[in-house]
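Common to both upcoming complexes is chain A, partnered first by chain B, then by chain C.
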Partner chain A sequence: MKKTIQIPLGSQHISLLEPIRFKFECENEKIIGVDADVGFVHRGVELACTRSFEFKQVGYVVARVCGLCAITHSLSYTLAAEKLLGYEANDRIKYLRMLMVELDRIHSHMLCLAHTAENAGFEALFMQIMADRELVMDLQEAISGNRVQFDFIAIGGVNRDLTPELTALIHKNLTLLSEKIDALIGLFNNNWSLSLKYKGVGVLRLEDAYTYNALGPLARAAGLATDVRVETSDFPYEDIGYTMILESTGDIHARNFVRLREIVNSIAMCRNIADNLPAGEILEKTKGKPKGEAVVRVEAPRGELFYLVRGNGGNMLERVRIKTPTFSGIPAMMEVFKSSEYADAPAILASFDPCMSCTAK
Partner chain B sequence: MTKLETTLATLLADIGTFYEPKKWHFLTVNGIDLGEGKIELQWIFSKYGVKDEIVIYYALSDYETPVPSLVSLIPSAFMGEREIVDMFGLKVDGAERGLYLDEDSLQHPLRSES
Partner chain C sequence: MKFFTSFRKKSPWILHYNAGSCNGCDIEILAALGPKFDLERFGVINTGNPKQSDIFLVTGPVTYRSRERLVELYSQIPEPKVVIAVGSCTTTGGVFRGMYNVEDGIDQYIPVDVYVPGCASTPQLIIDAIVKALEILENKSKEIEKPFKLFGSVETIGNKLSRLNMAKRVKHD
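Take a look at the complex of A and B:
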């Protein structure tokens, strides 16, 4: 039997944005076993949603689960509550909600790519991507009134409308951003140290993607054609130019490119929404209190976000179940680590884009 | 959404017959406290490439009855199983306490009595 050593990574590590601890069992440089500890920032949000807040307030509570995908949390809960109230939003509301979700995806993917660059030693590129990301953050602030915790989505609609000035700003900033992303694609396509050397590193095979129920960019980089945007009928994504982005090699390079190409697609969808916004009210009255059980899936930047909400006709809900993308992605991540070199672990981890705030909720 | 009733005794057989990895995406395990020591357990699936097709297997149980693990059928199920061990204080075959809470914590926050 060969001698093995255990090496921890985290909970505080230069390659981590949020606390998670991996315990790697290594045989020389090769990782042969891994254990993950994900619960450092557990805040009891599910419990708070049923004990401390009424159903009309819960949408604003769940937005605090995560600073990066706050909009998808409040949207998922709101859709579930609206289903229980028997309400379906008009097309204008759906388009405005899709606009914010896609802007959220762009800035979240850019954060991941910036972090990838930082891990590869490209400090200046990290700062450049973060500076370019401000184009999207500025748009979100102009549209919703806030940079991070938007509180844009409400039961029955959204809280603010698009004005002609905002539409012009969307086009202006997204035009600028398109040029930046084109340059970034060139860099990731041609620079050895940044991305090309990661071809064949941190591979998730298609077969393992199915076995470990991978999701989001992690799955699509391995060739698994799954995306909640086309697996639910809550939003007309086909009408605004959605395209599923697939790669096949399942390595770090492929995950980078799924995100880069998804940014390009999301920019096109945001432009289409701004140009083709249907007429209608932005906030409609809903009646009653939630009774029954509803499930909702929304494609967050990291993959499928799932909410199950059960109400009994009162102001307080019986159950709010939140299943986040990183939570589901952990088993696939652990599998990828098992056949990798320890030296590649930080880069692999960054390419998963894990969100521990979501996971521990 | 389709809800199918099962029991803890027949769970492995029912899911084993139903689940095909390339057809169904396993979402998670869920628990809902029904009060008076009763709990509804749910195993949730969605179908790849098909709109709005969600299947929930559910079983009624209590806090004490051990819950069979699905890890032999669905390797990724361990995360959800560890979560219900922490949150409801249930016993799930092979699932350790300590995903969110301390390993020696006596709490089970999502029980209605807590």
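Take a look at the complex of A and C:
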């Protein structure tokens, strides 16, 4: 008779940034069953958006749903509100918004790479990637005035403009960063001890990715071509050199590689934006109150972010519904854990780049 | 004893707990531990075990489900300990104040020594707070390690009884 043991991970654990609890059912070292509990950080943002804040303030409130993808949250809400107000942003605003979203994607992906490395036991690599990441953080601070919570996007435009000095800084820092990313790509490709922890570990097959509705880098690492940036036409991503990054193996190595190559792509896009910024106003006045229902999808660093906003012509909104990428990705994550080793669990978990404060809201 | 004290002074370990924050302060804590800001030059290390840690870094307004864990973690840290509330929402509830699942700041549940403002707190502020916490930690350990006499102090029996709040009962007898 085989015996199984139950091992809990979380809700407070050294390898977790945020509280989440897993209950692993293990047979020797193999995980055969997983149970996840994600609701530790539920604050009730959705309700507060309709009860205590006016529609102009909500953009800054939903940014506090998640610190890592704050800009995508405020962007999706702002797009939805602008749809309801019947306002179409000009090209300069669109380009500036895209710039910040891509910078945010770079820093989020780098944090995920660093965290995966730390959880797999590579402390020095963690430190190295965190040091490189400061180049982007400096850029974000210079452009928006804050390192993490930018509050850059407002209804009707953006709050700060790009000056020529900032454009020079963008080029300088991104040049430095792209050299470092190239070195990291070489390291991830060729380092033998990294390959032991990453290659063939935590595999998500293409069928599973399709069945369990994986999103973002998790799906693209398995070869599933899904990216909201090409599926929607809110932003001119084709004009600034977007390419879809696909890998086929679906293990941690593939996920890391999707992230690394997306960083390279994002760097190229940021440079294009900085060079070809159209002229125009950065903050325009909008009239009226939101009325009707709008649905917006935006590609966050972790995948598709979905917003539904309903207004009734008043200052307060009727409903704000947020569906976040990690929430949709949990079934796929649970599938990956099964039949992998318990010792790899923290690294696999970090490679999903889970965002619990997004999930629980 | 002095041997251990001198070592503990130089390496206060951190326990980090997210009690419902938006992640912003958490990644800033990670950045502060990283090479650019290099918090580890103070001997600080991020540990997962409350029983080995001295400084409790809390982020987030306390959510309904995380309050038990918060108090439990706090009570598992051995004395002397210092609590730092990182971020606006940890100190007062911030933007989350008044939401239905939020308890408006950690000082509703555990005593806080250092408050760090900012949404999100910058690494510089976090470093400032840790340096302040080191000072407080030293004072607290001195207070605990102050020698005292169990027996032998010159004291009349009446004084002793009144000190122990037993004087009344003796009189009645």
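Throughout what follows, the second predicted complex is superposed on the first by the 357 of 361 C-alpha atoms of A that agree within 3 Å, B and C clash if a C-alpha of one lies under 4 Å from a C-alpha of the other, contacts with A are read in each partner's own complex, and residues count from 1 in each chain.
Note that a contact is a pair of C-beta atoms (placed from the backbone, for glycine too) under 8 Å apart; a residue touches a chain by one contact, two chains touch by 3 or more.
Just so it is clear, the structure is predicted and the values come from calculations on it, not from any experiment.
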### Message
Looking at A:Glu318 after the superposition, I want to know if it touches chain B, chain C, both of them or none. Which is it: first, second, both, neither?
### Response
first
### Which superposed partner A:Leu47 touches (first chain B, second chain C, both, neither)
both
### Task
Scan A:Leu85 for contacts with chain B and chain C and give back first, second, both or neither.
neither
### Query
In the superposed arrangement, which partner chain does A:Leu99 touch: chain B (first), chain C (second), both, or neither?
neither
### Message
Quick check for you: in the superposed arrangement, does A:Arg310 touch first (chain B), second (chain C), both or neither?
### Response
first
### Query
Who does A:Gly39 touch here: chain B (first), chain C (second), both, or neither?
both
### Query
First (chain B), second (chain C), both or neither: which does A:Thr211 touch?
first
### Task
Applying the touch criterion given at the start, work out whether A:Ala332 contacts chain B, chain C, both or neither, answering first, second, both or neither.
first
### Query
Both chain B and chain C contact which residues of chain A?
39, 42, 44, 47
### Query
In the complex formed with chain A, which residues of chain B make contact?
1, 21-22, 25-28, 30, 32-33, 42, 44, 46-52, 54, 56, 74-76, 78-80, 87, 98-101, 109-110
### Query
Which chain A residues qualify as touching chain C in the complex?
11-15, 17-19, 39-45, 47-48, 52, 60-61, 64-68, 70, 111, 114-115, 127-128, 130-131, 133-134, 137, 146-149, 355, 357
### Summary
Per the touch rule, the chain C residues reaching chain A in their complex are 17-28, 30-31, 34-36, 46-49, 60-61, 63-66, 69, 73, 89, 94-96, 98-102, 119-120, 122-123
### Query
Taking the complex as given, what residues does chain A use to touch chain B?
37-39, 42, 44, 46-47, 210-213, 215, 224-226, 230-233, 295, 297, 304, 306, 308, 310, 318-319, 321, 323, 327-328, 330-332, 360
